[in-house]
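Have a look at these structures, which come just after this line.
Below are two complexes that have chain A in common, paired first with chain B and then with chain C.
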Partner chain A sequence: MLAYIMRRLGILLVILFGSSFILFNLAAISGDPLADLRISKDPNAKQQMAVLIRDLHLNVPPPIRYFLWLKGILGGLVGNLDFGKARDGQLVSTSIASAIPVTLRLISMATFTAIILGITIGIVTALRQYSRFDYAMTFVSFLLFSLPIFWVAVLLKEFMAIQFNNFLREPTVAPPWLIGLSLFSGIFWSAVIGGTRKRVWIVFGFAASISAALLTFLSLSKWFLNPGFGPITLLLIYIGVAFGVTQLSVGLNSRAALKSSLTMAALGIVFYFPVQKIFMAENKLLFFPLLVLVTIGLAVGVSFIFAKIDRGPTIRTTVISAAIMGLLMIIDKLMHTWKPYMENDAINARPVPTIGQTNALLEPGNYWLSTLDIVMHLILPTIALTAISFAGYIRYSRGTLLEVLNQDYIRTARAKGLTERTVIMRHAFRNTLIPLTTIIVVDIAGIVGGAIITERVFGWRGMGTLFNDAINRFDLNLLMGVFFLTASLAVLANLVADLLYSALDPRIRVNTQ
Partner chain B sequence: MTKSRVLRGAIAALAATGLVTGAIMAPAKAATRTTVVIVESNAFTSLNPSQADSNLVINSDIAYLTSMGFNYYNDKFQLVRNTKFGTYKIVSQSPFKVEWHINPGRVWSDGTPITAHDLLINQMTASSAYSKAAGLGDPANTDVTPAFNSLGYTGLYDTQVTNVSITPDRLGVVITYKSVNPDYELIGPSVFPVHTLVALAAGEKKLGTPSHNVALKNKFLTAYTTKDTATLKKYGKIWSESYLMTSVDAKTNPLLLVGNGAYQVDSAVKDQRVTLVLNPRYNSGEPTSGITKIVMNTITDGPAGIQALANGEVDVWAGQATADGKAALSKIAGVTVKGYATLSYEHTDVRMGDGPGEKDNYTGIFAPGTTAASQAKAKDLRTAYFLAFPREEIVEKVWKPIGEASAPWDSLNYPPSSPNYAKIIAANGTAMYREGTQASRTADALALVKKYYPTTSAANPTVKLKILWGQPSNTRRISEAAIIKAGLAKAGFDADLTPTTNWSAFISQNKWDAMFGGYGISAVLQKGLTDTWQSGIGQDMGYSNDKVDAAVLALSGAKLSDEKVYANYLTVEKEVYGDAATMNITMWPGVSAAVNTLQNFKPSPLTPEVLWNFWEWKF
Partner chain C sequence: MIFKNKNVPTNLDASNSETESLSQSQIVRRRFLHHRGAMVAIFALSAIIILVFSALELKLFGLKYRGWWKYNITDMPDLAYKECPGGTIGCPTMSLRPTFLGGAGIRFGEHPFGQDDVGHDYFALVMRGAQRSLLVTVIIGLVGGAIGTVVGAISGFYRGWVDAVLMRFTDFIITIPTLIIGSVIGYHFGNLGVTFLALYLGLFAWTGLSRLVRGEFLTLREREFVDAARVAGASNRRIIFKHILPNAVGVIIVSVTLLMSGAILLETALSYLGFGVVAPDVSLGVLISRYQEAFSTRPWLFWYPGIFIVAIALSINFIGDGLRDAFDPRQRRRITRKDRQQARVMKRKVAKDA
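Let's look at the complex of A and B:
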């Protein structure tokens, strides 16, 4: 095992060396960093050229200049890593260090949403193979997958920001929208739930009329100006969560799990008002982790009361339910922050932004306003990135689950009389996750590479922007810095994925020779 | 700090009272805004834009808001004197001396009076002679960085200024220039808070008292006059390195933020924005009209900036003009879009001789050769090229969608808005490019070409022509190239229009017969653009004409009357057009936009474009 890892690492170094040498030289001969200055009428052009030649060693031929660069990288071995200076005079390492958090914030959210959403839809489509829902989701996901992101971004900004903000001036849902959204909801739910023709129509009718009623209520009550669940709605949602999580996790037959989840739902409402106080507490660094610990502690305690034997599954179920409920409570709090947020001078009643990471004029100091501000700035890029990337996860999880469902042990499981829930969730779903793990690992490593176009259109300056700037300005040091980091992570992620695969799937062993 | 905060608070309170009164009188609700958010396409990197690395638009814009000098350009290309700050006048013609004098009582944002000491910085940042004499390094030597790592050393100040002396009242300097210079107003001293340099070099972290700062100023003056290399090098290190920053917060040394402009940097978030607030002690220029805060938001993507404007996230948009951008801006309700001609322009030149420093000789179809017959042939072919050049179609299809007023430009110096424009185009020999229709001009061109290449025709063009152009990513140029190829083919030219990245590096090479591209201008000088046609190293296309050289020389000497300037311009244009050396296509249209509640938004084609009259802005 150790020998295998060492050998792989050795190969990685060779790959990194080779690729960086090729890229460095290709980049160096592809453009002239002094092009702008050569035609400039600026009286200082000659001076600027001299400075650049001096700083960037432009008088050294690229293959040799590469080793000057490599010397800085190898300095890392003795704790003196030097990526050199970019053309704007900043150290490349400084630029990268400040770009990484931006990129992580932008893309992690979208990647995780895409993974969760993609896998969920993939599984549902696999279970409803060749149904209308399957075809519809396949069509929609591929449609989104093939859309150019800059265009998606422009449309999102136009309709979900500019138009939605205009809508908020007089937040009444117009009848065509009302009818359209209700019909869509009806079609969606009837396709997901499926069944006989009669059942499809019943589901369609229910979903459409409930949506219509809900939208009318939200519209008439000006809910969009002052949204929020409130304790009663929240209780209903909590009960739904308790049933849903229990069904997926252990099945509704497990009375202990259901009872403890429902107890958590009740506790959530009982503590609703005290928690609101804690949300407003001054010392958030102390109270928030405490709140999380107390919630988990409560969930475990409640499970202990209800479950006498085989406590594990019950505890798991209750903790998951509690976590979702906690998240809903935070969302509720953010919704209640919406009204003051909109009324803030900096927001000026246009809460959905199209650009940037935070509002330039919002005074810092109010934790919830700032949090909502960050969330609002994340919404559009996250939707855009999720929309174009979740198709892959749908296809992978759908394909894998279908393959697993055809395995002999699934037939055996069904033959033993296990419930369909147990067969799918415990036998099939877990094995579906093994191949997905490797894809996810590589994708997560790819996050650091940034998203050139998304960052640009949403005005976030992360790794993608650095890379783009480096190419446009023929900024070799910056380009190589970004490349070196992303390339190293990519090859490392592949190694980790291989190791993880063998750890998860006992049938696979890494080659130790 | 506390003091300035109290002051700032008082001003805010006063402003608020004023606004409340205003609100009672005026029914408009929007009158309460006092913040302007501006789109910038770069990210902030330095408070000192006078270095090669930091010479970015956003850094220069910040410098424009935070420091005031003797003059500025308005939106009509005129250099306006800032008499609130100081005055200047010629005190001697021979030798040519100008006295630059600061009005008494001007102060820096820390309360220190502005004096002659503060006008000496150019000696270190723009004078090679002083830099060498003081042992600060020879800026011409590319192997060693000078102590003040400035990009000013090859500017006019370096070649023109021979001596600087302080006036007895210590509020001004008298600068001696090498010769009478018509554009001396552009070669004045910049103002810089030298006491902060001394304080920073001594490791100080707080703003000093005015009396302490005056002592520091004298310390600077001593180092300057005695050319104290070691001390000046310390100042140089501060000047070159300490102002490089990407964020500004409470930890930033306040000494770095001292300025004499209307605004001062309050905070900067790396890669996102810079916030400037009023400088309560500002008295170096026109008083501001009610904007208390200016935020520069970095948005690199043009369309994204336009949508941010549509969504009310920014108030002012300025950026590269495109047809789509123009169309998108025009559709936004509540936004004023301003179109104007910039001073940059699109043009096409033909090769007239060997490029400077080229080893081979130019042998293409425009090569003049040595005999009279070969020279006549080359000129006919060049004339044919310009006659057939589909300039109107390019302007119509490529430039009009961006700026409706775009039109072919037929002068080398006067913009179409100039009162002299009509006069000069009637006399400079460009009439033949306007007479008749493009079809008739192309027919004339084909006849000229057929004189030497009888077999060529519009259907089967055979006269090979290599045209240099660049930036294949620029869609405007791609459209132009297609139009040019089709247009020239009708006159029998088979133009090779393969685009070249890096094209500028090839501009002097002899393998090209012609080129088309843009030209950017940042200052208005008496010689206009005539020196583009001066013989020698700057003339990439190998043009050389004694009459032109003489006229350029005359324009570079003493300040001339408008008539004399016109006469010299005409000489140059007559010669250059007469030699069939060039044709200008059009001036680039510029587009900026602002919410229409922002008053006095009058973008200028010259840097700092939209910001030039920030003090007149109000909601």
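Let's look at the complex of A and C:
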């Protein structure tokens, strides 16, 4: 195994060396970094040129200059990594270090949502193969495949930001929208749940009327101006979470898991007001990890009380429910911050921004206001990136699950009388995740360098912007720095994906000779 | 709820077309022709191609064709503003709502897609943009497809050090993100014209395809019919072209279509960033990027090029899907409502007989 990894790492270094050499020379011969200074009338131009030539070693021909650059990179082996200087005299490593957190924030949320949504919808379409829902989702995923992201971004800015902000001035849902949204919800849920014609109509009726009632209530009570769950709604949602997670994780027949999840729901409500106090506390860095630990500890403790034997699945179920409940509590807190946020002068009652990472006018100091600000700035890019990438996950997970469902062990599982839930969740779903994991790992690495357009449309300053600047200004060191980082991530991710595959699937053996 | 649906038929008695004696290509053709999505897509794509290439003036090998549309991209008629709503300029004159529904009747008008800032006819611009985008797509597909097939075939067939060298070379190119290559190339060669840009992009777009073809060749070369050909004294060239390639053609065609649908988006993305097609030439990506700020005041400048991109990419994707279904030997025929009805009738009949 170790030999295999070492051999792969060796090949990886050779590949990185080769491709960086190709790119370096390609970029170096394709433009002159001094072109604008040569024609400049600035009296200092000569001096600036001399500085640039000295700093960037422009007097050395590219193939040899590459080795100067490589020397700086290899310095990383002895703890002295040097990406060289950018054209403006700044160190490339500083620019990259400030850009990485921005890009990570931009893509992590989108990747997470895309994975969860994509896999869920992919699995539902596979279980409902050749149904209308399947055809509709196939069409939607092809449509999303075919959309240029900047086009989607402009549409989102218009309809999700500008029009929504206008809507907030007078937050009542107009009747055509009410009818449209309710009909959509009815069609969606009846297609997902499926079944006989009668059941489809019943589900349609229920979903449409519940959505209509909910929307009317929200718009009449001016909920959009001052949103929030409040303890009672939260309790109802918690109970729903407890039942849902238990059904998916171990099945409702497991009374112990259900009871401990419901107990966590009750505890969540009991501690609702004390937790609000903690949320307002000064020292959040200390309290937050503590809160997470206490929640997990409580969940494990409660499952120990209810489950006497075979505690693993119960603990797992309870911890998952508790985590979702904790997340909901934070969302509730953020919703309660909405009103002061809207009333803030910097926001001026237009809360969905179309551009930027944060609102610079917002005075720092209030933790929840700035968190909400970050979240609001994330919304549009996240929707755009999710829409583009989750189509791929739908197709992959659908295809893989269909292949798995054709296997003999699924037939065996059904033949020995397991419930359909167990067959799908335990036998099929877990095997579907194996190839998906490898795809996800490679995707995450690729996306770090791949958000160039999104960053540009939404005015974020991350890795993509750096890269864009580097090309526009013939900034070779900056370009190579960005490339080196993304390329090493990509090849490393490929290695990790291969190793993960063989670790997850015992049938695959790595080639160790 | 999701898990309770057990009435999904898994295997139906398909005694009709699947058991007839047909050649492989006949089966593929028949399956493809029965794929409704792909058929609609082919129709839509041909309609777009005919519309786009017949509208404007074309010069081919000294032959000149005068397009049926009255304006060219360089013509600058007067900007229309009198009949435009809300004080905008250059609004579109096309109307699809008939008079009895309160619209202006179905008409094309003087400037169906409106006019740009200085009065250029936007219909002509969009047509030219779509021509450019289609051209780029086809060239990238051809160049990338050819290189990918050759590299994959050689390394899969000869294996050994040839394979090692070619695959390491492929890895080099895979490591460099496509957008980076595209930008470097586009930035510096974009002004040489759109054909040149597409050729260069094609030179770097073959990597995924070559890996697929190599895998296909690796398995096919171990099959009995290849051994038989070799025993009969066939040369390597004959084996590759006559025996292996026809069997790998499905994989190649499908991935070339996917390559092409990716190519049109790559071109628009590059043009959007300013590294692709440059002025005075236009492509759909250029048009969108130029007028994205105009969306709230003159949305038509933004809608029409976008709709053309989406329509072209969507059609290519659906054609690719149809081809994949047609070439996949494991693919069972889709179960239609007619099949279910037939199965029910059969079941009743069997029950009655018993």
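Here is the rule we go by: the second predicted complex is superposed on the first by the 495 of 513 C-alpha atoms of A that agree within 3 Å, B and C clash if a C-alpha of one lies under 4 Å from a C-alpha of the other, contacts with A are read in each partner's own complex, and residues count from 1 in each chain.
Here, a residue touches a chain if its C-beta (ideal position, glycine included) is under 8 Å from a C-beta of that chain, and two chains touch if they have at least 3 such contacts.
Quick caveat: nothing in here was measured; it's all calculated off a predicted structure.
*Asks:* Scan A:154 for contacts with chain B and chain C and give back first, second, both or neither.
*Replies:* Both: A:154 reaches chain B and chain C.
*Asks:* A:363 in the overlay: touching chain B, chain C, both, or neither? Say first, second, both or neither.
*Replies:* neither
*Asks:* Between chain B (first) and chain C (second), which, if any, makes contact with A:162: first, second, both or neither?
*Replies:* Touch partners of A:162: chain B and chain C.
*Asks:* Touch test for A:452: chain B only (first), chain C only (second), both, or neither?
*Replies:* A:452 sits against chain C, while chain B stays out of touch.
*Asks:* Once chain A of both complexes is superposed, is A:505 in touch with chain B (first), chain C (second), both, or neither?
*Replies:* neither
*Asks:* Please indicate which partner A:353 is in contact with in the superposed arrangement: first for chain B, second for chain C, both, or neither.
*Replies:* First partner only.
*Asks:* Between chain B (first) and chain C (second), which, if any, makes contact with A:310: first, second, both or neither?
*Replies:* Neither: A:310 stays clear of chain B and chain C.
*Asks:* Touching A:128 in the superposition: chain B (first), chain C (second), both, neither?
*Replies:* So A:128 only meets chain C here.
*Asks:* So, does A:32 touch the first partner chain B, the second partner chain C, both, or neither?
*Replies:* Only chain B; A:32 stays clear of chain C.
*Asks:* Can you list the residues of chain A that meet both chain B and chain C?
*Replies:* 30-31, 154, 157-158, 162, 456.
*Asks:* What part of chain B is in contact with chain A in the complex they form?
*Replies:* Answer in residue numbers: 35, 37, 43, 45-46, 51-56, 139-140, 142-143, 145, 149-156, 244, 246, 269-273, 275, 295, 297-301, 303-305, 307-308, 310-313, 501-505, 507, 517, 519-522.
*Asks:* Which positions of chain C touch chain A when the two form their complex?
*Replies:* 1-6, 8, 168, 171-173, 175-177, 179-180, 183-185, 187-189, 261, 265, 268-269, 272-273, 275, 285, 288-289, 292, 295-296, 302, 306, 309-310, 313-314, 317-318, 321, 334-335
*Asks:* Quick check on the complex: what are the chain A residues that touch chain C?
*Replies:* On the chain A side, the touching residues are 11, 14-16, 18-19, 22-23, 26-27, 30-31, 124, 127-130, 138, 142-143, 145-151, 154, 157-158, 162, 192-195, 419-421, 423-424, 446, 449-450, 452-453, 456, 467-468, 471-472, 483, 486-487, 490-491.
*Asks:* Any idea which chain A residues touch chain B in the complex?
*Replies:* Chain A residues touching chain B: 30-32, 34-36, 38-48, 50-54, 87-90, 98-99, 102, 153-154, 157-158, 161-162, 165, 348, 350, 352-358, 360-361, 456-459, 461, 465.
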